Amino acid sequence: MDDVSRVAPPDAGEPYDGGRHAAAATPMLSVEGVTKRFGAGPGTGAVVAVDDVSFDVLPGEFVSVIGPSGCGKSTLFSIIAGLQTATAGRVRVEGRPVRGPHPAVGTVFQEESCFPWRSVIDNVAFPLELAGTARSERHDRARHFIDMVGLRGFERRMPAELSGGMRQRVCIARTLAAGPRLLLMDEPFAALDEQTRLLLGDKVLQIQQALRQTTLLITHSITEAVQLSDRVLVMTYRPGRLKRFVEVGLPRPRTADAVTSPAFGAAVTALWADLREEATRGMREAGG
Amino acid sequence: MKVGAGLAGLLVMAGLVALLQWAIGAGIVDEYTVPRPTEIAAALPRLVAEEQVVSRFLVTAGETFAAAGLSTLVGTALGAALYRWPLLRRSFEPGFAVLAAAPLILAYPLFLVLFGRSSATVVVIAFASALPPVVLQAVAGFAAVRPVLLAAGRSLGLGRAAEFRHVLLPAALPSVFTGLRLALMFGLINVVGVEFLINLGGLGALINELSERYDLPGTWAAIGLVVLVSACFFVVLDGGERWLRRRG
Amino acid sequence: MAAAAGLSVAHGRRPGPAGPVGTAGPRLLAAVVLLGGWQALASSGLLFRDVVPPLQALAAGLWAVARDGGFWADARVTGGELLGAVLVGGVAGGATGLLLGSSPLLSAAFERWITWFGPTPKIILFPVLILLCGVGPGSKVAMGAVSCFFPMVLSTAAAVRGVDPVLLRVARSFRARRHQTLMKVYLPATVAPLLNGVRLGFGLALIGVLLAETKLSNQGVGFAVMQAYARFDMPRMYGLLILVVGFAAAVNIVLGHGARRAAGATGQEH
């Protein structure tokens, strides 16, 4: 039975308090005052993509970050993944500052990123190959994760023979094979159709629950965010600031039917109000 | 950023030339193999004055345009024929692809025999080298015309000939111009090359003559001149094609 | 780069279906017309007889060349020069292309020089190369290497730039070391376009070496062609040219197939 009281009513969501309430456990990920400015030149207006964003993600948590297109989500993702540096502020993973891609962090990108010349199993075993693991061992481990994403039997196939959804599953398996303690995903299902999205979202949920994987998901889909997360952080349109966070009180383990529950609908409505405001601002500024 | 890098590259090249000048003066590089850059530069006005550079340039240009013009006309016509009759296209397009890659200029002694030591040889070799790429380009250009345009023409009752004149040719015109550009490129390269090889006529022959006279600075200067001319030529061609494409 | 443009027209755009359906007929007809016309011209006495030798003389000349030990000695010389040219020009061109392709800065600074100098016929540099490398095989190797260098640089640079950036980001996210990224991402991603570059470079190197031999040499296939010309031994000259062009076409086809298969194997077929 869904605990409706835990879901924020449509007109409130707690304004963001800097994560102080969760200070008790050591956060897996700690984003502290991260700002990113582009094109800072004298006279020319610098574009502030990310403005003083701070939040924490606790071990085992699934957090989604949503926001309108162009709000700086992907830039934030890039900075947390260590692929870009912040203009100001700091990112810490397991307490240690991030200076480049962190060994405990795994990333799944938005674009198709399977190596087209490698078979499924060689793709998934890639991080292990880089680490110098012996062939049989890395293939065994890869097979474990290939099973987990539901692609058993496809080990020897080439990416060109697979559908888009299957290829993304390969990428997810590849990232998981490296055994990251924090999983970052940037709109991993953006290029897929609605049904595939839902099914893959389900799959990710199962995996996350089985592995107790700490996950940070960037998405523009509210339903996806609510379906998968414990907490949803809403970002404003440029400059990207954290507007508020919404607790999704749906119990775990979640099933596909959660989509139809009233608590789900309430959470979506709450987020939709926020997102609509930001998206409208975005359209006005972009069009005007 | 880009402009800065480009400028830096220019400076590096200039620096290398200066380094060479110094190295020759210091005896590190034999001055009978590589003349000082200053001597090469000095040889340039002498060339212009004594070696009829302008008239040679005109000869080379004339041969190039003749070869390119001919190969564009013939090549486009052949391309149209191949497009018009798909059976011919299937039969012969691969052959043209092979010919396009074939080193026809190697047969220049043969052409010498056939056409004698004259401008005709130069033009024929350049024409033959440029023809296959132009044909391929023309066929591809006609084939790329959006089918909806042809359908529109046919629904208006245009016959084959009218369709060619009013729909196909205008629509494929950009490709034809690309073909002309290809023809000019192949044309210039082969014209200069053959002039050099058979020592006849324009700028290519100039290099040959100067080297046989052991005029070292002159030879280097002439090479530099030809390189400059061809570089300018291709920059103009590229710019021209881009301008044409922008005009739709 | 004209050759590059020409070849890209030839091989980048796939020709229409080249199926065997009915193509045998027109091809046979064309062959008959061409050969028949040739024979008619040869027997007509319009041109001086040996300029267009009758087909049987051509065949005899071709056969004589193939059986001539001297030709094979020349072929070995030319082959050696060609190999040297492709190695030197290919490696230098590939390394330079790798540098230019992976560094936007270097590319902005220097690539235009290569693009401008590329389309010039390299044979005009031959007098200078003779000075620098002597009159022997060295200058021929140099000629071929210079001819091969430019297409290699440009196609390598393009290939390196063409590697999907997300794949490089994946490698970075897994903290791959530089040599791992090179071997496990750049190399497989560029094999197909590199093979095409080698095909182009090989063709131009062959032209460079042979033309250099026709200009100044005392051995090699190019020299043999000039000898035949000097003695007005036309059937022999035709035979040599047919063998050379056949050889060039064969290598071209093999490398082309290799490039296409590499594109298929690395999943980059379009």
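Annotations
Think of it as A, B and C in the order they're written, each chain with its own count starting at 1.
Here is the rule we go by: a contact is a pair of C-beta atoms (placed from the backbone, for glycine too) under 8 Å apart; a residue touches a chain by one contact, two chains touch by 3 or more.
Computed from a prediction, not measured in an experiment: that's the story for all the values here.
Relative to chain A, the most remote chain by averaged C-alpha coordinates is B. The chain closest to the protein's centre is C, with centres computed as averages of CA atoms. The two chains most heavily joined by C-beta contacts are B-C. Chain B has its Cα centroid 54 Å from the Cα centroid of chain A. Measuring from the averaged C-alpha position of chain A to that of chain C gives a distance of 51 Å.
Measuring from the averaged C-alpha position of chain B to that of chain C gives a distance of 18 Å. Chain C meets chain B in the complex at residues 1-2, 5-7, 9-11, 13, 15-19, 21-23, 25-27, 30, 47, 51-52, 105, 108-110, 112-113, 116-117, 119-121, 123-128, 131-132, 203, 206-207, 210-211, 214-215, 222, 225-226, 228-229, 232, 234, 237-238, 241, 244-245, 248-249, 252-253. Looking at the complex, you find that chain C touches chain A at residues 166-167, 169-170, 172-177, 180, 184-185, 188-189, 265-269.
Chain B meets chain C in the complex at residues 1-2, 5-6, 8-9, 12-13, 33-34, 86-98, 100-103, 105-110, 112-114, 132-133, 136-137, 139-140, 143, 182, 185-186, 188-190, 192-193, 196-197, 204, 207-208, 211, 216, 219-220, 223, 226-227, 230-231, 234-235. The part of chain A that touches chain C in the complex is made up of residues 81-83, 100-101, 103, 106-107, 109, 111-113, 115-118, 126-127, 129-130, 158-160, 178.
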